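Common to both upcoming complexes is chain A, partnered first by chain B, then by chain C.
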Partner chain A sequence: MNQNTNIFNKMMSMDRRWVFLLLIIVCVAAYFAPFSIPILIEPEVERVYNFVDTLAPGSIVFLAIDYDPASLAELHPMTYVLLEQCFRRNIRVICTALHPNGPSMAENAFLEVVDSCKVDKTYHGKQFMGREVVNGIDYCFLGYKPYPALVILGMGTNFRLPFPADYYGRPIDSIPMMKGIQNYDQVACVVNISGTSGTEYWISYGQGRFGFPLALGVTGVMGAEYYPYLNSGQIFGYMAGMLGAAQYEKLAENDGKAVVAMKVQLFAHFLIIFFIIIGNIGFFMDKFSKKREGR
Partner chain B sequence: MEFGTFLWTTLGAVLTLAIFSFLYKDNPFYKFAEHLVVGVSAGYWAVILWHNGLVPNLLERLRDGDWYLGWLNSSKPWYLIPAILGLLMWTRFSKKYSWISRWPISMYIGIATGVAIPLEMSNRVNKQLYAAMSKIHWDNFFGHGFLDTAAAYSEIIIIIGTIAGLIYFFFSKAHTGAFGTIAKIGIYILMIGFGASFGLTVMARISLFIQRIQFMHEDWAVVAFEETNPNYGWFQFFFWLVGFIIIAYIARELYVYIKNRDKQMVKPS
Partner chain C sequence: MKRQIPVLLVFVFGVFMIFQYFSPHEYSEWIYKFLMDWIYIIGIFAMALGIWSLIHVSYDKIKNKRHDWGYSVVTLAALFIMMFFGITGFDENGEWGFYFMTQEGLTNPMFRNFFNHILVPIETTMFSLLAFFISSAAYRAFRARNVLATMLLVSALVVMLRFNPYFGEAVGLYMNKIAAWLLNVPNMAAKRAILIGIGLGMVGTALKVVLGIERGYMGKG
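Up next, the complex of A and B:
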């Protein structure tokens, strides 16, 4: 066995902990490095942004937050930026969380965005004055109920069927913004931000049964799975993973955690590609050496 | 930052480090964090399901009856039927009576299937078939359609990919000749699909790590290191305590490594 083979064997049998260590160093260094990267906007993300941006003040967006802390990294930025866009433009929001861990995610997002909306900000050259976003007037959080399929079907008849009261125990009829709101007919669109298979329920039992415009925001792992629904017109817009969140932040001119994360992604991906190339060179050279030695 | 918030954030930071320590190797800190996550999740889910499922959907609806009459004098006594079916599920724990649990399961599966089949068939099969069979907009290739030329190619790729992918899974004919070539194109199309999924999964996993860096930096370290932080003293205490535990663990690992290496060197003789 020659020396080259030893090197290639070593390349292929490198302790995986060196890979982890290098990845940690690269990610931390890229996070603290003061630079930014351009983010190209894809049409499926732009369609969600344009849809919400062209809604008349007072319209209602239904936001379905179906994720848990494990998917928070990719989906929280989407929720934040979408909620802020709605509240700044005086668009009202009805929210459900059909994942048991979803209510805490939704509450956390509402608290932070409500705080953020108190400050004056300028987006696309237009100044938005800070204002108090009020629970029950600007948004209504219905909370969690088990069996998402049945809840989605029930809300198609009346929101009051699965949710006689909101998450905080107030009867729906006593909530000012819910007066005259019966079902999906009164909402402009449904945006499902999800890290679970709940998305399939929204497609089949929600959009398929009631025909409302549906947009999705999903984790990267689910990313490739839902593109066919875009092609078939069952969803009008789509945000996949951290990249989708960063694109939406760029569109809204509201750079947040996703935009910062993308520069780290860039270098982490470079490193992973480098290791894939090294591994493949090792594999093929080892195979070639064995062939040459007649083994 | 309130002391309570500070304490929970610090605990979050410590648990983050404990979970990532698994990248080095399995260890007691990781085990503790893992068990804590499982325990807290199970407890949280039980409480959430009780308060959002059983209480509003069953107990609240039987509320106007008397529990000592078995709620039979409630205005909605029929809610006792699903309650009884739910209780029957617990017979799974008895070897003798576990067969009874098949009744509620069969009812549940029956209802779920009845609701699911028409909607799933319509939305996940038929509509996808229509989308795959839609006509090709040839105008787009010459620059006067509603799509640009590059996007127009996707219509062709979708048709070829769908047919080739389906042929790959057709095993009633040997994959030879022209049929075999199309099947081979099918497997390449599938590989491209899996590659896209893998790439997105890598992005997702890196995202989780980046979010933890952001949490450790923005939500914990920046706030805690500020001298205006009213809990600065406590932070110093926790910081050095965690630092000491990490250093002690590394020292122990080194000691074990050196000890084992010495043993291995002695062994051959």
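Up next, the complex of A and C:
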């Protein structure tokens, strides 16, 4: 084996610890570097934003938070920005968490957004005065119940069927915002933010049977999975991964963690592509070198 | 009889649930709600069985000092600590107590702290490691060895770079169009084929179970 072949082999089979080291350096450097990247908007994300933004004050958005801390980085920013958009526009929210670890994720999001809404802010040139967002008046958190398919079907008949009380144990009928609210007929749309296959239940048992407008927010790895439902019209909008979250933040003029994380993701992708190119150069040069040597 | 009764029950309830889906009649709705309650009750018993099984297996491992028995101590400690904080809490008057039937425990500060400061960092760290393994796997696996592998490689690169803001408007637009085509045409065609296959498979399996042809759920094929 000559020296060239040796170099090409090294290019093809670099110790993975170098890959790990370079990746962490790039991620940390990109995170702390003081620059921002432009975020281009996809129409499927814009449709979710426009739908929520054009709802009349007092309308109800049903938010299904079905993820655990593993998907926090990608999905929490979607929940935050959507909740803040709703509360700023006086849109009420009913929320469930059909993943066992979902209730605490949802509760954390509510607590933070409720705090954030106390401050005056301006979005798209319009000033929104800070206000107290009240549990039971502005939102109702129903919590967790096992068997998502059954819960989704049950809520189609009446929210009280799977959830006689909310997450905090208050009977649904004693919650002011739930007066007169029976089932999906009274909600403007359902937004399912999910890191699990529970999304399919919302499509099959929820949208399929009850016909409500459904939008999805999913993790990057699930991104390619749900395009068929978008084109078939079963979902009206779609946010996939960190990119989807960052696009929504940009649309809402409410830059948060996703916009910052996008620059980290972009440079991590550059590094991965660099490694792929290096590996392929090594592969072809090695092949060429062996061919020339007649091996 | 040991086999006929379960098969009969599955047939009766299976056929009922098929027709119930299309019937808005009051009685049909009532039976449907009644059966849903049953499923929750069965689920709760299944959860109790799962907890018992976890305790039994972990206790056995600790008692016999089997390999890595220390992890079982942590498992049991975590289980009991979270259970303890989940069923204890402070009422409206600030008095501490046990709450088996109500949900005060869910707002217990220790329950929240254990979730926010132990479970969240553990799970996010585990998931973050995926980025490193994916990078390493992509570097090793994405080789243009043949036509199919090259197509996979090029598709992956285009989708990864579709929203790269440094390409400029013209290149970025074409990149985005190609990526959108990849996601909306070949990806969707493949996914639809898989989904239709899964759907038909589910209907077939369900019919086999309802008609008593498939009896694997009874422990024997």
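Throughout what follows, the second predicted complex is superposed on the first by the 295 of 295 C-alpha atoms of A that agree within 3 Å, B and C clash if a C-alpha of one lies under 4 Å from a C-alpha of the other, contacts with A are read in each partner's own complex, and residues count from 1 in each chain.
The rule is simple: contacts are C-beta pairs under 8 Å (C-beta built on N, C-alpha and C of every residue); 3 or more make two chains touch, one makes a residue touch a chain.
No experiment lies behind these values; they were computed from the predicted model shown.
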{"item": "First, second, both or neither for A:154, with chain B first and chain C second", "value": "second"}
{"item": "Touching partner for A:208 - first (chain B), second (chain C), both, neither", "value": "first"}
{"item": "Contacts of A:279 with chain B and chain C, given as first, second, both or neither", "value": "second"}
{"item": "Touched partner set for A:79, first chain B, second chain C, both or neither", "value": "neither"}
{"item": "Which of chain B and chain C A:31 touches, first, second, both or neither", "value": "first"}
{"item": "First (chain B), second (chain C), both or neither touched by A:101", "value": "both"}
{"item": "First (chain B), second (chain C), both or neither touched by A:116", "value": "neither"}
{"item": "First, second, both or neither for A:266, with chain B first and chain C second", "value": "second"}
{"item": "First, second, both or neither for A:257, with chain B first and chain C second", "value": "first"}
{"item": "Overlapping contact positions on chain A, where the chain C interface meets the chain B interface", "value": "20, 23-24, 27, 70, 72-73, 101, 103, 145-146, 150, 153, 165, 224-225, 228, 231, 243, 268-269, 272"}
{"item": "Chain C partner contacts - residues on chain A that touch it in the complex", "value": "13-14, 16, 19-20, 23-24, 27, 37-40, 68-73, 101, 103-104, 107-108, 145-147, 150, 153-154, 157, 161-162, 165, 167-169, 224-225, 227-228, 231, 243, 266, 268-269, 271-273, 275-276, 278-280, 283-284"}
{"item": "Complex interface listing, chain B residues touching chain A", "value": "23-24, 41, 44-45, 48-49, 52-53, 56-57, 112, 115-116, 119-120, 122-124, 127-128, 130-131, 158, 193, 196-197, 200-204, 206-214, 217"}
{"item": "Residue numbers on chain C that touch chain A, as the complex places them", "value": "29, 33, 36, 39-40, 43, 47, 102-104, 106-107, 112, 115-116, 119-124, 126-128, 131-132, 134-136, 138-140, 142-145, 153, 157, 160-161, 163-165, 172, 176, 183-184, 187-188, 191-192, 195"}
{"item": "Chain B partner contacts - residues on chain A that touch it in the complex", "value": "17, 20, 23-24, 27-28, 31, 70, 72-74, 100-101, 103, 143-146, 149-150, 153, 164-165, 200, 203-205, 207-209, 219-221, 223-225, 228, 231-234, 240-243, 257, 260-261, 264-265, 268-269, 272"}
